[in-house]
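Read the structure below first, then the notes.
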């Protein structure tokens, strides 16, 4: 967190606390306490503790009784702890706010023993939350409507020039559950054998350059195919800043790879995993998402 | 917010800044600046500004250059501003974090001119987000699973002893979209004519006292029928703290009414409206939810 | 089936077959066969078999070689066998065409050991088929459209002035899966204690008299509450012939009760069960549908 | 229909009818009627009408008064008229029973002016009916269950060794709405430029040879890619008779092409269209299904 906090207390309050503690709790007499204070405690404080005050970022007066300040700090730590380091490095990376339900859904879909039906159910549910977060980044305009009670409600009209683009077909249901009648293109990147040659097959809305694009890939691993897909969208005329890349799980390597090349695109994900292993698979990950979603994995 | 902040700066830094400002920017000579400082500024500071330091909750050293502290304060204000006053009064009232999508959905469902199909689509979508937030308050236990890559994932197992209870039948679809096979009871409170007599019809799972209850009512108005339903649940043996009351829209009057009587129950809502009007309807509101959902309003 | 069929064959063909059979298969000599034929077989045929021909409804010439006629009869028997007797008595009772899938779904939802989630899944699926059949009875007008290939397609425009009315809330999801944005009213008939008094609570679209009504009750038992609901619809101005009553399971007693009183209403069901038991429950039945659907049965 | 029917009437009944008609209705005297009968009518009947009796497939005695036989024939014609000629040629081709709702849905999805959302809604609904019909062809075993009333219900347990295989991804939702957690493979056949070379990409369940396969292609046009996909399934070990090919719309050319090569596979479709045009597109058809379903057509 890198924040230096100095919890300050007036010298007399400090001394009074010490006297009460040492006489009442520890049964010593006042004289010896005062003598020890003058001889050791105060000099040590002045020499070693007080100087650090000048480096503090925030000074909390009145010590442990200052509930207002303590709440402030606790809340701050709470917020920061919930944030992945990568979100601090790349301001366009968003991890949806974790709850124990979300963690519970991850626990289910990552479990290699889950049934097909449950895998689909919980993946869809989790992807819907990623989609909802992603949609929150779209532009909007203010709009007023009249409610059935005859009152005015000042709300917003959100951008409808958007479309989905799938890299792996499996997030469309969740997308459609949130966006009625949304157009959904697809980009298929298929490695043809081991010679490094790739086939890119695409089917996109003709007017995609005028749309905000929700790019859909459940697992971001190395970021290579994501970058190819993004590059293709940019070549079609989609502004980089109009692309929101939605993942269920993202590897740090993939985030670096995509964010370095496309700094103004946004990534929304539900969890950032530990790393890629030597086979370039996300660890702990959830295996091949498409195969598990469609049941072609065993 | 009620937080007193003292932005502190060393006296020499203060003087140096003043000299730079007054000579460079305002063209005055150093002597007159120093004279004015000694005669007016320093005494005024010592008499009027410095004494307030002892009342501060937080002291920010190094003034405007202290980015760490400024970030802390900005973030804190941001969080507090986004919170409805009622959430500060009643710590068990939760408003789901507003995004422009959520506000856009409210704009759609509150509009008296929306089509039936859209009303159902966007209500369901918004209720799902309220349900998801509500589910986040359920207890859980830690659980480890093995992923298809052979890695261990430390997650959670969330509580499955739960059920829904509808006051107005219309939130079940959204609930079921999140909780597979969840039991859903119902409490119907029907005013039988104008004589103040009420019929209460209920149909609840037999083992409801062992379950966490998601109580479902899309609009919380006066809170009278909500309180009757909650009272009935408590009489059936459900601990008050096991009830999570889910609304799309809540009136402040209803929140007061429910939270005063049942302080350990949780309320999760997507927006808190302005007030009730003289006919006890929520303003701006969205009219009779059930009638609009089922098309029996015209 | 009550159809008299005379399978006719020319006399010479009859004789030739007999000769072949008796000489080749049974090793007798031709003379004795011919003698027996003239003395016993032909007179017996003329006296006892031939006279019945005049009472036949259909005469099939050329006997067993006449594949065209045999197919006709087989198909006819097939159709008749698949029809419940009650459908012959009441021409407005329709049982959806049974397949082994439908029977398989009935097997699942009738099983008292099924999980809640499966009960909901298969009930919804089966109700959708009942709804689809019911919708097939709505009026329509011819309509021509131009397809994306520029061709004309002559189709129909089906009646959109319709609504659903639930007696037990649980068939709405299946209805909505077929009819986008359909209005759904409700009639609640609640027996208040044992004194025979009943509460009828209703919430119906205002313009219901102008609509075709799909009345929804998953199980038709005695028909008493169905008749009350139908009576109420008729009082609201809905023509009897505009009511289509949809059931998953119907008891013969209920069908008699409803069809006798309302002969021009249509009933569409997926299976007709054996009978009511002495407690007026449908046998074999599936128990209390609403309780099982919403999980309030145990 | 190719069925020869001889409506027979006894000679005396024939004569009596003629006398009544000619004297009462036409005012002629009996003598002249009898004379004309003996001289012209009877010989003509014996020479020209009676001989045709020996070629009849079915003989209907008692002429127009024979209601039983007339009902039989009417019903038969009704059934046959509802059947496409191709269903008579290829007994494994099934067109789901048309209702005006089904025709109405076709009218909607074939209309080039339909909204995206409606196209998806009505396609999914129609495909579900095709899927339901297709599932009816799966094998099953008898199974008895006990219902909540304690009664025995004799039903069936349907085959669960099945999977879907998409040629065009767009029928999965409807399939999943009927088959919980079904595995869904895919075969992508992509024409790479104009040189006739094709890429076949496939992703199938490993144990597909032990499964019944619902092969999914919304529009059957020439049948070329269907045949490639079927060939691939057979190479994977799927018995031809275990493949059920599901279409929304089939061209006669495609049916000939597939059924000739794979006579023991089943085709289930909701409508058979007129023909292919010179560009091999189905007429009247509905355009490129996948493009319309995913909104990539304009």
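First chain written, first letter: the chains are A, B, C and D, and each begins at residue 1.
Here is the rule we go by: contacts are C-beta pairs under 8 Å (C-beta built on N, C-alpha and C of every residue); 3 or more make two chains touch, one makes a residue touch a chain.
It should be emphasised that the depicted structure is a prediction, and the values quoted were computed from it without experimental measurement.
Peer 1: Return the chains common to the contact lists of chain B and chain C.
Peer 2: Both chain B and chain C are touched by no common chain, going by the contact rule given at the top.
Peer 1: Please find the path from chain A to chain C through touching chains that uses the fewest steps, and give that number.
Peer 2: The least step count works out to 2.
Peer 1: Select the chain at the greatest separation from chain B, using centres from the mean of Cα atoms.
Peer 2: The chain lying farthest from chain B is D.
Peer 1: Taking shared residue numbers divided by all residue numbers at the interface, is the value for chain C and chain D over half (same) or under half (different)?
Peer 2: Both copies, chain C as well as chain D, present the same residues to each other, with over half of the numbers appearing on both sides.
Peer 1: Please compute the C-alpha centroid of chain A, do the same for chain D, then give the distance between them in whole Å.
Peer 2: The answer is 54 Å.
Peer 1: What is the distance in Å between the mean C-alpha positions of chain A and chain B?
Peer 2: So the centroids are 20 Å from each other.
Peer 1: What's the distance between the Cα centroids of chain B and chain D, rounded to whole Å?
Peer 2: Each chain's C-alpha centroid was found; their separation is 57 Å.
Peer 1: Going through chain D residue by residue, note those that touch at least 2 other chains and give them in order.
Peer 2: 118, 180 - these are the residues of chain D that touch more than one other chain.
Peer 1: All pairs of touching chains?
Peer 2: Here the touching pairs of chains are A-B, A-D, B-C, C-D.
Peer 1: Under the stated contact criterion, what part of chain B meets chain C in this complex?
Peer 2: Residues in contact with chain C: 115-118, 120, 163, 169, 172-173, 176, 180-186, 188, 190, 199, 201, 203-207, 290-291, 294-296, 298.
Peer 1: Using the touch definition from the top, list the residues of chain A that touch chain B in their complex.
Peer 2: Chain A reaches chain B through residues 2-4, 8, 53-54, 56-61, 66, 68-69, 72, 75-76, 79, 97, 99-104, 106-107, 110-113, 118, 121, 125, 128-129, 132-133, 135-136, 138, 140, 143, 145-149, 151-153, 155-158, 177-178, 180, 277, 281-288, 292, 297.
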